[in-house]
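Here come two complexes built around subunit A, the first alongside subunit B, the second alongside subunit C.
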Partner chain A sequence: MHELLLFASVPTHQHHELLRQLAGLTAMQPHHRVERRLVFKAYRKPGVITTRVGASQDVQGADMQRLNKMLNGGMFYTQVVGPVSELAFGAKPSSSRNPDALMSGMGELPPSNENADNSYAYENQPWKLEFRDIPEAGTRSAVTSRLMASSTLPKGDIIESMNAWGYSFVTEYVVEGDIFIHNDIVIFLHRVLHYPTEGQEPNEPRRILPPFETMTPLERTGSYVLQAAITVQDGGNQEMMKTASQHLFGLREQLKSAVRLEQADRLSLDTRAK
Partner chain B sequence: MTTPSQDQIKTLEQSRQRLAHLTRSLASLITSLNQSDPLPTWSSLQSQATIISRNLGSVSEHLSENHELLTSLVAFPGPEYPGRTQANILEQLLRTKLDPRVDDWVARGRKAGTSALEDRGSLSERDLADLWDWAPVAANEDARRRNWGGNFTLEERESGIQNVVTGLKRQLEDDDDDDEDEDEEDDDQGEEDEMEIVGARKSGTGPGLEFDIAAVASQDQTPVAPVVPLGEILRYMTTGAPPGQR
Partner chain C sequence: MSDSLSLPLRPLIEESDRPDALPVEIAQINAQWGAFRDVNEDSLRAQIEQEKYKDPYADDDDENDEDTSATDVDSAERLDLLYRRRAEITQFALQAHMEAMFALDFVSLLLSKQQPRQAETSMSAFLKQTAPLGSLDAEVVHPPPKPESAAVDTKTVSRGWRLQNFNAGANRLLDAATRLETEVASETRYWNEVLAVKEKGWKVCRLPRDRQALGVQYGFMEATPIFRDRGLAALRRADDGSLMLDKGLAPQRARMVRVRVKSCKGISGCSRVHPSSTNNAESIEDRIFQARDTLYEEELFHELFREARILGNQGVTTRQNLLQVPVSSGQEILLDLVDMDGDPTPDDPEIASTEDDTLANAISHSIHILLAYAHRQNLRRRTQPPPPLVPKRRHTPEYQLLRPVMAYLQHSSHVRWLESFLGDLHQVLKAAGLQFELNASPFSSLRLPTTPSIPAAEALVQTFLIPFESTFSCKLPSAQGSFKVRVRTSAMSPPLGTHFDISVNIPEYPDSQPPNRIGLQEEAAEVLTHFTMLDILSAIAHNSSPSAWTAVYPHHGELMAISPTGQNKKLQVTLSRHEISVRASSARGFEHPAEATDKKPVRSQTWKPNTPTESLSLMDFVAEISKDDS
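Right after this comes the complex of A and B.
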């Protein structure tokens, strides 16, 4: 699947107005959405890399070469996304303590019963793996287009599975915003929220969410990002891709007086892990 | 009777050119008004009007500069003029009285000119400028002395609002009573609907006024440009790299 995107930066003071404008344009009420996003990074498992540069004696077979390329070629950041309710934030019983979760260490987590009476059950948190390729280079068209794939993950703790697949946890943040649907365009007006930092950054997803008010926006002035996206099932179909970009351009024209939708800097969406 | 000198012919030639400019700009305004649909934007109309008035100015300046020459010049047909075939032009050239239509225009113009001059008797240019200089500041200072936001002033309320002559047919409500209703109706619009009271004072550094717009607006929402560029936000969202690092 391919995804075509346009972005715009929306200053705080314009946010409310733009919400209304979008509601008018799309003839729907904003659909509020809060997501936990976990960033994972692929790492090379020790022992897998056996590339011998310039080794002449054991000429690898074509299959072996291809396998090596698959294993070592693309290393990507990938995201695990889980929708949460705003109510889940700060829904924390007095008994369970954050430090416990923080200290429980690397990857392996004991099945915890400490937050059984919590209204936010980490065990039941649904997750979705979202892979995004680096946007295609050298496209003439003025939209960001990239290969994408998503798949549903088991609920609850995903660290173990992700580790098994060769991904390590990097960080997590919360995305808060509103979704509109305009024909085939998904408009997401959102911003990134940080968890309040209490000493060290934990190296695993939080099991308890802090109160929503304590979350701080990544962008200090609280500005939002407007993202307009169209998903195209068959990225090889030039006709479809063209139609989709035309639709995005149409939206850009319609919103021209309010925001300037633009193609994103390709390198800022670079998901390759170096 | 002498033939005009080189300089005089040049002057005539110049008048012809300036008049031609004027007619051309007038014609272009007329065509743009007649033909363009929708009507031309106000800014283009304004720029055309500026051009026309500049042309008019240059024509009138030129005419008054060469007033003596132009009034003393007399046209007459030379012997080689083809009087039979070009009789119309000849008549035009030899005509000494204005066209009746043009005569009307001139009369109207003169009347408008004199009445405009009469009006000015009350205030001199200088007084007018002074007035305009003083008025915005004074009005503003007066406005800031009051706390805006109701239909009635405190004085009016104290002496009883039923006595106030508003000149309005509908009943003005005293909003002390129904504050809550209004708040419910438009709690997020309420602030925007109110007029902003913008402070103005004489600028200390130079001519003109300074406005306190920013200070007043900051109570609500200051327009702040995002500090972190979009690219950095997207980078953080994809890789978790904090902004400001690469």
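Right after this comes the complex of A and C.
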């Protein structure tokens, strides 16, 4: 699958207004979304890959060649994305059903209710693996296009399975924003939040989320990024790619008076692990 | 307005007492009419009369005459006339050109004294040849001083001109003022009405194509694009400032989907035409409402039609403006789009009765609700992240409008039939003194929604979109036997239509099971009577003293009693929806039932419902026969 993108920077003071404009344009209410994003880095396992050099009689099948290329080619960072509720921040882990949790909560509420609304169960956190290639170079079109793939992962602790696949945990951050759907285009107005730094950065995903207020935006001014994305099933189909960029340009024209959507710098979206 | 300063626009005219001296007037009359001798009262009156009747717009009488005669001439003459006129025009133009050239030459020659080079460029060749440059000169001659009277004349004339211009200016200003005043009034009225529309909650916006005009949106965002785009009408201003709803080319008539129920006798029900509350008031909001309703109705009919086309396999037929939906034998539903103002009900000769009006109204309401539900589903689908772009366009599925209605009607008709059938059977068995317990739960699949994740209205509609199911459970005469019937109707997913799932539990005959899925009512009836009969046999076998009666051919309803004396007896039980009968005869041994028929029946009895109860119940009757035996 291919992804075509346009980006724009939205200063804080324009954020609310733009939300309303987008709601009017797309004729829908925004879907608020908070996502945990874990960054994993691929590493080469020693002794896994055995490539035969030479041996021209043994012509490798195209599949084999591709697999080898994938295994021996560049290594990439990938993201594991998990949607969370804003209420989960600063909540007690639901697994600890000790009296302390009850005491600290409102005394009148039944415990089950409190748990459902105001707790975070890391064991039930759904995850999705998102791979993004470095944007294609040398395209004449004025949109960013890159290869992408996503797949759902098992719930709960993800570290073990990721390690088994040859990925190591690097860091994590949170993305907070609103999603709009405009025909085929997904418009995501978001910003990146950092966890509060308390000494040592943990080397595994957090099981307890800190209060949302303590999260600090990556961009100090608190500005947002507007991302308009459209996915195309078959990136080799030039016609589809063209249609998709036409759609994005149409959106750019419609939003011209509000924000300036443009192509992102290719190297800033580099996902290769060096 | 009255407080503000008012400026006099017209010039003040001083009334001079006798402005013109008599000699001047005499001179004027002389100039205008000629000698005094020719002017008398009669000629003046005639002149006045003539002027009064003269057409102010006709320039000349002669021209009028010519015009009238021109109509008479035929085309050849007209062509000739046309050429002649054209020649005249050309001639005039040429002459004018020539005169202009003469004037140019003259001025050039005059100027050639002072500026020979410049003047030479505008001279004609002929002039250059005939007259040398600078041969004409002009010099200023001081005119003799004008007499006093001439100066006064000029002053008066200029004063008159100025007055006239002032007057004209004042008139124009006043005209403009009144025009602006009416304009302001009508604009105010227009904007007030627009504001009133907006305050009622309608969405007022600029038209996308015509940026100067305002529009009101009354359509449905989630409708099919052609209907969604039609949901916008311009709010135009009439000359008097009142608001006009300009729907473009869309028909102005109010239309609606009419539902009629047709039974074998003819039309037996028709849905009510929603009375538009204010037919004649025609306020702008009513018109918007009417436009919206019509749009909704048209979309509804469009979608019904679209759905009907895929329902051809279920007997739905489409005509140009009519949908025919069969629901049960002898009942058909007709749907068409009719004008609302045309009063369709009374003069329709086909209408036989109005007994099914409620049904027609219910169907009409259901399809409206289902379309609204489809709109909500569209919104839901639209706001989900879209799938990746593929070359094949996504097909919008047909809305479920007719199918749930058809399924419901079909199901209820089958359930009602089954209820009446089982009721009849119950009556028959009761008359025979057998126990039979019926437990019916029609529409058991419908239960009120409890899931809080989706709005209650949507959840309520959703329960009607899943296949309908009703269950009937019966306890049969022998206390152990029972059967259970599940009636299931689905119009959405195959297997389409209604089918009966019958599960029977008769311990005596565990191997006898009905077919899995029964589609026909007759077949279901046969199966149910058969198994009830089997159960009655087992009940007889149980109730009688041990080893008295055994069911030899249970599926033929035959029982045999073997007595040690050799006098065997045979009992034949027949059960139908209307009666149950028992026939007893004697038999010598295990014989083929066909051979046994020639025996004279010993006794026989028939029980029917609604007949005075016999003295004996079936069990007693059997017991009596058993006694005869010994």
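Here is the rule we use: the second predicted complex is superposed on the first by the 223 of 274 C-alpha atoms of A that agree within 3 Å, B and C clash if a C-alpha of one lies under 4 Å from a C-alpha of the other, contacts with A are read in each partner's own complex, and residues count from 1 in each chain.
Methods note: a residue touches a chain if its C-beta (ideal position, glycine included) is under 8 Å from a C-beta of that chain, and two chains touch if they have at least 3 such contacts.
Everything numeric in this text was worked out from a predicted model, so none of it was measured.
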Side-by-side fit of subunit B and subunit C on subunit A, or clash: clash
Partner chain(s) touched by A:268 [first = subunit B, second = subunit C, both, neither]: first
Which superposed partner A:183 touches (first subunit B, second subunit C, both, neither): second
Which of subunit B and subunit C A:25 touches, first, second, both or neither: neither
Touched partner set for A:171, first subunit B, second subunit C, both or neither: first
Which of subunit B and subunit C A:258 touches, first, second, both or neither: neither
Partner chain(s) touched by A:237 [first = subunit B, second = subunit C, both, neither]: second
Per-residue contact with subunit A, leading partner among subunit C and subunit B: B
First, second, both or neither for A:225, with subunit B first and subunit C second: first
Partner chain in contact with A:77 - subunit B first, subunit C second, else both or neither: first
Candidates 79-87, 97-105, 115-123 or 133-141 of subunit B: the single one with C-alpha clashes against subunit C: 79-87
Common interface residues of subunit A - those touching subunit B in one complex and subunit C in the other: none
Residue numbers on subunit A that touch subunit B, as the complex places them: 7-9, 11-14, 16, 37, 39, 41, 77, 79, 132, 170-171, 173, 175, 192, 218-221, 223, 225, 264-265, 267-271, 273
Complex contacts: residues of subunit B adjacent to subunit A: 188, 221-240, 243
Residues of subunit A touching subunit C in the complex: 1, 27-28, 31, 179, 181, 183-184, 186, 230-234, 237, 239-240, 243-244
Touch list for subunit C against partner subunit A, complex: 221, 379, 382-386, 388-391
